[in-house]
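In what follows, subunit A forms one complex with subunit B and a second complex with subunit C.
Right, the complex of A and B next:
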């Protein structure tokens, strides 16, 4: 463990605007600890988010942050990572940001396997706009936009991300701070696209059974079930319980991670740049002349 | 003797019309002619109608030309689909595949019906000489060489290049077809013979199209990242960069959609790299939100919009100049982003370099408005002396600034604040689409928002003084004006020269910078003006209306605009100018 950088070195002077009791306070604390454990200095970290309560999180760290537009954190983060692969790039957002407006980007970030860590703070509700239905809201949930109860089947983030082929998939809750810290650290260290679904309660609009107290009672560490994280089929099976069971821990970790897209891109660049240097000022020589 | 020849060819997809046009272009270029070729297709991917027009001249070719000197129809149906794009007149030599029969009675109005119509048994001659009717376009080239005095060695070199890899047999067969075409022309001389004046000497030229030129200029400018999504007619830019950019250490990402393409480019710019995206109208609509983010976060970005007919899918394969409003205004909030337009393939180099420079200097997205004609037409281009181009890099914070409480959005007199990027120690800040203070901290303060808006507009104020981004020709006190932009400017330049030769008191303005409207430049230009035209290819006349938002355009200056895929002709512009001149006091 790196002793040079303490968790507080990742904490910015900005005071979070989250509601008192919001699960995201726990997430940012766990993140400070995980980053300190990984030990990369803040200026080598790019922290990209979308829009939503949880997307405020980059501003509460000392890393380079980019609080972008709704649903587009993943594409922007891929641009950052491909432009500067030496950076540690973390992406964060809520369930609406990642699985509703930005849902179209998730499969592509995963299939490219850009080395990003994607933290979704999943609270099954739109908090910033004050309590509307989210893509992970359970069927039947009554909200201001579903006053008689939702008729929609929620999306299952764990199952979809596993099905898209992510190499690292985990679930955490602020009800287990050491567990969440360890999972975020492991996700960051995983070489490739990693995903942590964080069940982060919305204290203001969330359901009773989604609060920390209920989490403490409901959560079941996957390790205690004897789950082998290298077993992708078992992971898929367990992920089906999203919405009924609160499993925590690593669902799937690819035991032999394939090369990441950013590494492959760099290798190809190096290969193409072998031999005669090609000054950009000679680019017009490429055209046929007569 | 003639100095200028416009040839239009049309046929079905498999006829090799475009390939023949390219051979003609290459041969003309090898001979020292200036030349330009435009292509036009139906929307089918294979088959369907296809056409091209080639203009060659001993002088610089400014536009694809108007009424055809020579029209080549492989069949009547396909030729007529191109209507206004391949206009004929009494002087046009109309050559057609003999077996298609004579032109239908309604081929052209009586006053525009070509006087000289020659049926050539193209397929038959090809088969007899080359052994295959697939060489029929080579017969056409031979006939053109015979009738108009195009030197055969240039055409032969073109054949060699084209068929060298396909085997000696094919090359020899096409040589025979070429000779047969020449012989046919000799056997059937024109009633009114015309022979091209040859250029005095051949100087080396490049042959390329606007998309190729844009991609090359991006590489020259130091672009290190491109994110995009395939869309006609801009896709070639991504294709070329996908091949070339990695050789220079850059990255190209074909994203999953238009939004992702511009998003990745903005991410790369945040990471400190010169970056770019390209699209056409529909993609422009989708990219709007992320463009606003780049404006607010003050990140450099170049966006190429190759305009096509719109709105919605419109006419994807044909040019229009109807995205100017979208380029200038498609954003929520108060946004100012520079919009530049090239007027030719050659000009695309200068404009693209300028776009990167403005983006980096002022930390803003910059739009390049090209259009399908410029993007996909091939031109002979004189060698470009790249050493005369200055390249601009964004201003980075000094070590002292980084050590002493760096402020990303510091209030500077210019409005431009030094910009750090991830990896730079001490430069850490929060970039955001949310309004922020000088340090980047989010704020909902109206006072800070107003000050930041003022800063983001102030930094672009120097553009008002960039007279070098405007081409002005003619006497400063001329009371008659012609204003045009983009591909239409090529027609305007020729019309201007002709109008002046006819002693019309006219001056010409071609802006490279369309937005922000450089008010001082236009005020000076319009001072004392009584009449004139703003020439552009859109239904609304978007530049005309944009100018009227910011400048007192004299009442007698009117919009001459029409929808895309109906290019302007020099003669009609001169006629309109002459009419406008009659109103002069």
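Right, the complex of A and C next:
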């Protein structure tokens, strides 16, 4: 265990202004502990986020932080990782930021397998803008934008990222702080794109059955079910229960992680440096002439 | 869910047990300070002051235990750290509410003291060392004393309707 950096070394002097009782307080605490266990100093970490309550997290850490624009955390994080591959890059955001506004970026970040850890604080509602339907809101949910109840089928974040081929997929809840801390640490250590769906309830606009008290009663650790995280098909099957069952733990961990995009890019750069440099005047030779 | 990870109570030394107790108080102090900040930000000054007072009480407990530890073992390094602890005596984050009243705050503190008592009660059967057992019994019994103090304050606290939900929609500048 690293003893050089304590969890509080990752805590910035900026005070969180989330609503008292928000699940995100537990998430940021778990993050401090996970980072302390991983042991990378704050100046070797970059936190990238989009917009939303949970996207405030970069400000609450001592690491480099970039609170970007809505839904664009993943493209910017990929750019950061490619430009500065030595940094540990963590992406944080909400379900709306990740699966609605930024939904188009998720498959591409996954298929490229950039070495990022993506933490989604899934509260099934747009909390910052005062409680509208989000992509993970359950069907029938009454909000200011669905006063008679939502008619839409929610996105299943677990099934989505598994289907796109993410190498590490887990789900956590602040109702189990030790479990969530261990999962975040494991996700950070995974060499490749890792995803943790954190069921972090919105205390102000969330439903009662989505609050931590209910989580404590409902959550089922996957380890207690005997699930083998190397079994991708079993993971897909379990992920289908999103919204009805609250499974926590690792759904899938690729036992043979493929090379990451950032490593492949570096290899290509080295390869190009070894070869004869192509003169600029020959660039047009790449294109067929009609 | 265990609130303490990575510690074998059967092999715990007195020094490490004292360090654990210090950290438990430290964690509770920090959480009450966070609650005080949260509620001050969310226009609940009376309860913010109450949680600040709780933080000072936890800090006093921490200092007392730390003095004992230093008297017995000096400043030798500890084998336990905050990463081993998860809300042993600290109230859980979900307990805080904007516009909560003093009565709710006292109930939050009482729940935390009950939780700490349960922790020491559950750990005791696993502790074999007589000196360590005595320390854990002392700490467990102190939690009973703290509970009695909180219950006495609760008895003096007037019953008021919980207003925390009535203002749930009140915005705070983001």
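Throughout what follows, the second predicted complex is superposed on the first by the 274 of 290 C-alpha atoms of A that agree within 3 Å, B and C clash if a C-alpha of one lies under 4 Å from a C-alpha of the other, contacts with A are read in each partner's own complex, and residues count from 1 in each chain.
Keep this in mind: a contact is a pair of C-beta atoms (placed from the backbone, for glycine too) under 8 Å apart; a residue touches a chain by one contact, two chains touch by 3 or more.
Just so it is clear, the structure is predicted and the values come from calculations on it, not from any experiment.
*Asks:* Check whether A:169 is in contact with subunit B, with subunit C, with both or with neither, and answer first, second, both or neither.
*Replies:* In the superposition, A:169 touches no partner, neither subunit B nor subunit C.
*Asks:* Going by the contact rule set out at the top, does A:272 touch subunit B (first), subunit C (second), both, or neither?
*Replies:* In the superposition, A:272 contacts subunit B only.
*Asks:* Looking at A:128, would you say it contacts subunit B, subunit C, both, or neither? Reply first, second, both or neither.
*Replies:* A:128 sits against subunit C, while subunit B stays out of touch.
*Asks:* Taking the superposition as given, does A:101 touch the first partner, subunit B, the second, subunit C, both, or neither?
*Replies:* Neither partner.
*Asks:* Using the superposition on chain A described above, determine whether A:42 touches subunit B (first), subunit C (second), both, or neither.
*Replies:* first
*Asks:* Looking at the overlay, what does A:5 touch: subunit B (first), subunit C (second), both, or neither?
*Replies:* A:5: touches no partner chain.
*Asks:* For A:63, decide between first (touching subunit B), second (touching subunit C), both and neither.
*Replies:* first
*Asks:* Which chain, subunit B or subunit C, is in touch with more residues of subunit A?
*Replies:* Result: the larger residue contact count on subunit A belongs to B.
*Asks:* Is A:183 touching anything from subunit B or subunit C once the two structures are fitted on A? First, second, both or neither.
*Replies:* In the superposition, A:183 contacts neither subunit B nor subunit C.
*Asks:* So which positions on subunit A get touched by both subunit B and subunit C?
*Replies:* 56.
*Asks:* Can you list the subunit A residues touching subunit B in their complex?
*Replies:* Interface residues on subunit A, with respect to subunit B: 14, 41-46, 48, 51, 56, 58-59, 62-69, 72, 74-84, 86-87, 104-105, 107-108, 265, 268-269, 272-273, 278, 280-281, 283-284, 286-290.
*Asks:* Mind pulling up the subunit A residues that touch subunit C in the complex?
*Replies:* 1, 3, 6-8, 15-23, 25-26, 29, 33, 36-37, 53, 56, 128, 130, 174, 176-179, 181, 203-204, 211-213
*Asks:* Residues of subunit B touching subunit A in their complex?
*Replies:* Contact set of subunit B toward subunit A: 26, 29-30, 202, 204-208, 212, 216, 219-220, 222, 224-225, 227, 244, 246-251, 253, 255-257, 259-261, 263-273, 275, 289-290, 292-293, 297, 349, 380-381, 383-384, 386-387, 421-434, 441-442.
*Asks:* For subunit C, which residues count as touching subunit A in their complex?
*Replies:* Interface residues on subunit C, with respect to subunit A: 1-3, 5-6, 34-35, 37-39, 41-42, 44, 77, 81-83, 86-87, 92-98, 100, 168-169, 171-174.
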